[in-house]
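Structures given as C-alpha cells follow.
Each of the next two complexes has chain A plus one other chain: chain B in the first, chain C in the second.
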Partner chain A sequence: MAKRIHSKNSLVTYLLGGFFSLYVLFLYGPMFIIFLLSFQGPTGGMTFPIQEYSLHWFKELFSDNIAADVSGSFQRSIILGLMVMTLTVTISVIAALGFRRNFKGSGIMFYGAIISLIMPGFLISFGMGLILQLLDIESTWYTTALGAQLTWTLPFGLLIMFAVLARFDRSVEEAARDLGATSWQTMRYVVVPLLLPGITGVALFGFTLSYDEIPRTTLVVGDSNTLPMEILAMTNTLTTPSLYAIGTLTTVVSVASITFALFAIKRMQDRLGSSQIASSES
Partner chain B sequence: MQKITTKENGVSWIQVTPLAIILLGFLIAPLLVILTVSFWEYDIGGMYPAFSHVNYTEILTSHTTINLYLRTFKFTFFVWLITLSIGFSVSYFLSFCVASTTWRIALFLLCTIPFWTSNVIRMIAWIPFLGRNGAINQGLASMGLIDQPLEFLLFSEFAVILTYVHLYTLFMIVPIFNAMSKIDPDVIEAARDAGANGWQIVRHIIVPLTLNGVALGSIFIITLVMGDFFIVRVMSGGLSGSVASAMYNEITGLQYPAAAANAVLLVITVVLLVSVILRFVDVRKVLTE
Partner chain C sequence: MSSGKIEISGINKFYGDVHAVRSVDLTIEAGSYCCFLGPSGCGKSTLLRLIAGHETPDSGEMFIDGQSILNTPARDRPTAMMFQSYALFPHLTCIDNIAFSERMHGIDKATRHKNAREILEVVEMSDYADRLPSQLSGGQRQRIALARALITKPKVLLLDEPLSALDENLRVKMRNELKSVQKLFGITFVHVTHTNTEAIATSDKVIVMGDGVVDQEGTPYEIFNHPSSAYTARFMGGHNVLVSQEGHSGQLRLAIGEGQLIDVSKYLTKKQNGLVVAKSYALRRDLCWLEDIKGNKMSAGVENFKSEVDTIEYEGASFKVTLTSGHPEKIIVRISDVDFYKAQFSEGQTVRCCFKIKNLCPLS
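Let's turn to the complex of A and B:
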C-alpha cells in the first residue's frame, strides 16, 4: 500500500524530514545529556564539563549519604507495576469483550471510562485523600495508590482492546463453535491466542504507566513512597549528579520493559502469521 | 445494530462489572466527595460539614484566581498551538512522505518510546540543558554569540511551556497519525487525477479527514496541561503557578474545602472546554472504529 503523496526527492519530503529529525533530537537530546552526566566523576558537578567518567553517583544512590530510600521505593514500584499490570489486563480485556455487544448502559460505561482518562489525575488523588481522611483509613501504596492508578491504566487498556477487537474476525469464533468447541474452549484456544499481541500491549501500558505515575499517586501513597514520588521529592533536595544517575537507572528499566514487550508482540505475530499460512496450505 | 437478548445483556454487565466497581470507587466517589467538601467550612482546627458558598465567593472574587486562570489558559493555548503544529507536521511526514511501512512503524515507535519513560526524569533532563551554566548557554558563549548567560531559559514560563511540549506532543501525534493512516489512498489519487495540487489535497482532503484526530489530541493536551501541578512549580522555580499547583498549595496548607472548591471550578472549566470540542466530533465513533 503506497500512500505517498510526495516522492522521495521532493522538497516537501526534505523539509518535513528535516523537521522530523529536529523533533527527534528535541525528544531525545535532553535525555542523552543526563545519561552522559550521570557518569560524571566524583569531583564533577551537575553541568558540563565532565571531569572523568565513573560510576560514583550510581554507588552514591545506594549509600547512606542519600536521604532517599532508592532501593526500597524501586522495589515497591516494580511490585506495584506488576499488580497494576495484572489487574489492568484482566479487567480491561474482559470488559472489552463485554463491550462487543451493544448492551443497555454501554454508553454510560464508555463515557465513564473516557472521563476517567481525561480527568486531571491530581483531582482523583485529592478526592480519595479526602475520603480516606473522613473515614480515618490509612493510605498505602499497595491499596489506595493501586486503586487510583487503575483509573488511569484501565481506560487505556480498554481503548487498546477496542482497537484490537475492531480488527478481530468474529467468524473465526463462530467457526470454532460450529466445530463443537464449548465457549470456554473457544475462548482458551481461539480468541485469547489471537488477541495475545494486543493483550501484551495492554500489559506494557499497565506496567509502564504505573511505574511512572505521579498525579494520582501523590496524596494516597501513604508513608512509603513509590520511585517516581521519591524522585520528585529528590528534585527539591538533591543537588548532585546522583539525580541523573537515578534518571538513567529508571529509564533503563522502562526501555527494557518496552523492548521486551515489543519483541514478545513481534514473536507472537510471527507465530500467528506462520500458523495461518500452515493451515491455509494444508 | 441487532437487538440483543436479556441474557446477553446480563453477560455483558457481568463482564464490565469489575470496571464499573473501580470507576465508582476510585473516580465517581472521590469526585462527589470533592463536590460535597467544597461547600464545607474550615478553620485552623479542621473542616466542618456545612452548606456554605463562602469558598466559592472567596475564589470568584479574588484577583489571584483570575490571574491563575489567565496564566493556565495562556500555558494551555501556547502548548496546544505548538503541539498541534508539531503533531500535524510529524504525522504528515510519517503518513505521506515515508513510503515503506516498516520505516513508518519504526519512526513512529521512535516518537513513542519516551512516552513510556518517566515524566519527572524527562522534566529534570532540561535542567542541565537550560541552566545558567547549561549546555545552551555554554554553547552560545563558546560561539561568541552571548557574553552573559541567558537567564530566561530556566526557571521561567518559557521553561514550563518547553517542558509541556516535550512531554505531551505525543498525545497530539498519535490521534492525528491514526486519523491520517485511515485516509483512503484512492481518495487522494482521485483528487490528483482531477487536477488538485499538493496544497489543495492538504486543504480539502487531509485536514477535514484529520479533524477528529486533532480534536482528540486537543482534549488530551487541555486536560494534561490544566491538571499539571508539579511541572509548572519545578520548571518555573516556584515563580509561576497554575490552577492545579495553587490547589496543591492549599492542600499542603490543609485548606481542604478551599482546594475542593477550586477543584470543582477546574473540572467545570475542563468539561466546558472539552464539550466545545465534542460538539464537532463523535469520540465513541473515533475510538471504537
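Let's turn to the complex of A and C:
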C-alpha cells in the first residue's frame, strides 16, 4: 500500500517537474537566444548559425556607426531611475504610514492613488502631453517624464508598503513610546530599522519600473530619449546583432541592480540582527 | 514609603458604539499587587491601556500618587507596561532592548549598558545580554520584557496578560517570580488576566470585571469565598450557583432541577448562621459531598437532595462529579480522590448530594 502511494507520488513529481521545466524554458528561452546571438562574430547575421563568438557588436554599439545615443540615453535612464526611486520611496513610505491612521476620506484617496495602475499607460502619456501643450510647458526626461513615471511607480510603492506594514507589529511602537521615546525617536530607532528591508524592496521596484518604462514616457520625454525609448527607435532602423548586444547589456544592468538590492536587504537583515545601537552610535 | 497609588474615578471609554469601560471607580493601594480579572472583551485590557496612556478616556479622572496623569503622554507617565506579546524590539539585543529607554533619554552608552547589566542580573539573564529576542524562549523573553520595563523605575508596572504565552508549568513558576520581583521593588503591579488561579495566586487585591464594569473587588480570599454576584461566582469557578424562588408567605426554595426544589425557609428564622434572602446562592463545589441513597439521617444544618451522577472526570487529586440536577447549569461536586475511591461512585448511579446551609453564599 505504502509503496503504491509512493510510486504515484513520484509520477506526479515528474509530471509537475516537466511542466515547470517547460515553463522555465518559455520564460527564459527567448532571453537566452538573444544573449547567445549578441556574441555573434563580425561576419554573422541576426539569425543562427553563430559564425564565431566575439564582442564585435558590443563595440559597434558605442562606435559612430550607430546613429543612436546609446551611452547618453543609458546615463539618462540611470539618473531618471535613481530620481524615481528616491521620490517613490520617500512619498510611498510617508503616505503608507499616514494611511494607518484611517483618516476621513482615506478610502477614496487610496483608490484614487491605485487607479492609475489600471489606466492604459499610453493614454496617460497622451493626456499629459496634451495638457503640457496647452500650458506651453516643455517636455524633458527629467521633469515631465519623471512625473509620468511616478504615476506608475507610486501606486506600486504604496501597495508594497501596505503589505509590509500589514505584517508590522504596532505594539513595538507603543513599547517605544512607553519607554520614553518621542514620535521622532520611535520612527528613527524602531519603525524605520524594522521596515528597512521592505523600503529597499520599494526602492528596487521604483528603479526597475522606471528603467524599462515606455508607454507613459513616450510622449512626454522631450528631445533626449531614455534608453528603452532609444532602443525602441533603433529596432526600426538597426538590422545587426548590435540590437541583441543592447538587450544583453540592459539585462545585465537590471540583473545587477536586483542582485545588489537583494544583497543589501540580506545584509540589512543581518545587521539588524547584530547590535544596531553599536553601529549607529554618534 | 512605597509609591504608586492609583485612583480612578468615573472613567468611560467608547470604541464607536461599544462602551468598553463604564464609569469605573477604583483605588489601588501603593506597593500592592492587583489583578484585573475577567473574560476577553470585559474591558480589563482597555482599562490597563488607559492607565498606561496608550488610550485616552472619554471622561473621568486618573491619579497616581495624587497627581492627575490624564494630560501626561504615555512616555512621561510614571508607569511602564509589559505587553502581552512582550513587544521586544526584534532588531536589538537583549541588553540594547533594556537600555532603550535610557538611550532615548540621552544617557551615554557605557552608563546605560552598566545599568542594563545590573537589571539583567536581577532577572537572571546576564548570560543572554547579546542575544536577539528571536533566540530566546518564551520565558526568557518575558524576563527581558520585565527588565526593560523595570529599568525605567516606574511607580506602577502594568502587565497585560503576561503569562498567557507560556506553558502551564512555566506559568506557575513565572507568576511566583513576578510576585517576588514586585516585593523586591516595592512598586504597584497591575496584572491583567483571564485565569482565576493566576489572579488568586499573585495578588493582594483582585478586581473582577465584566462588560466594562467592576463586578467585585477584594482580597483573593473574599473573591473566592464570598463572591457577591452570580457572575463572579461563575467566573471564579469552583462554585455551583443555586437560584432561589421566593414563594408566598415568606417561603424560600432553591431550584435544584426541573420541578425539584429544596425548601430552606426554616433556616431564615434562625438567629445564628441564619440564611439571608437572596436571588441566588453560591455553593463551593468542594464543600458539597455525595452519600449513598440509603444514607443515614442528616445532621442539623445539612440539606440534601437526590440526583443521578451524569459524568465523572478525573482531575488527579480530586474527581469532578457532574449531577443531572441543577438549574440553569448542572451541579458539580468535587470529591477528593481518597473519598471517591472509598465510595466508588459510577455514572448513572442515584446519589444523595449534601451541603451545609452555612456554606450558602448569598449573591446579588
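Please note the rule applied: the second predicted complex is superposed on the first by the 260 of 282 C-alpha atoms of A that agree within 3 Å, B and C clash if a C-alpha of one lies under 4 Å from a C-alpha of the other, contacts with A are read in each partner's own complex, and residues count from 1 in each chain.
In this text, a residue touches a chain if its C-beta (ideal position, glycine included) is under 8 Å from a C-beta of that chain, and two chains touch if they have at least 3 such contacts.
Only a predicted model underlies this, so the values are computations on that prediction, with no experimental measurement involved.
Once the two complexes are overlaid on the shared chain, A:Leu219 sits against chain B while remaining clear of chain C. Judged by the touch definition given at the top, the superposed model places A:Arg101 against chain B, while chain C stays out of reach. In the superposition on chain A, A:Val164 contacts neither chain B nor chain C. Once the two complexes are overlaid on the shared chain, A:Gly112 sits against chain B while remaining clear of chain C. Shared-chain residue A:Val172: touches chain C; no touch with chain B. By the touch criterion defined above, A:Leu123 lies against chain B but remains apart from chain C after alignment on the C-alpha atoms of chain A. By the touch criterion defined above, A:Thr13 reaches chain B but does not reach chain C.
When the two structures are aligned on the shared chain, A:Leu194 is found in touch with chain C, with no touch to chain B. Of the two partners chain B and chain C, more residues of chain A are touched by B. Counting contacts by the rule stated earlier, no residue of chain A appears in both its interface with chain B and its interface with chain C.
Across the complex, chain A is touched by residues 52, 54, 73-76, 79-81, 83-85, 87-93, 96, 99-101, 103-105, 109, 130, 132, 148-149, 152 of chain C.
Interface residues of chain B, counted against chain A in their complex, comprise 1, 4, 8-9, 11-16, 18-20, 22-23, 25-34, 37, 86, 89-90, 92-99, 101, 107, 109-111, 113-114, 116-122, 124-129, 131, 133-135, 138, 166, 169, 181, 183, 185, 188, 198, 201, 219-220, 223, 226-230, 234, 244, 247-248, 251, 256, 259-260, 263, 266-267, 270, 274, 283-284, 287-289. On the side of chain A, the complex with chain B involves touching residues 1-6, 8, 12-13, 16-17, 19-20, 23-24, 26-31, 33-34, 37, 46-48, 90-92, 94-95, 97-99, 101-107, 109-116, 118-124, 126-131, 133-134, 147-148, 150-151, 154, 158-159, 162, 166, 204, 208, 211-212, 214-215, 219, 228, 231-232, 235, 243-244, 246-247, 250-251, 254-255, 257-258, 262. Across the interface of their complex, chain C is touched by residues 169, 171-172, 174-182, 185, 189-190, 193-194, 272-277, 281 of chain A.
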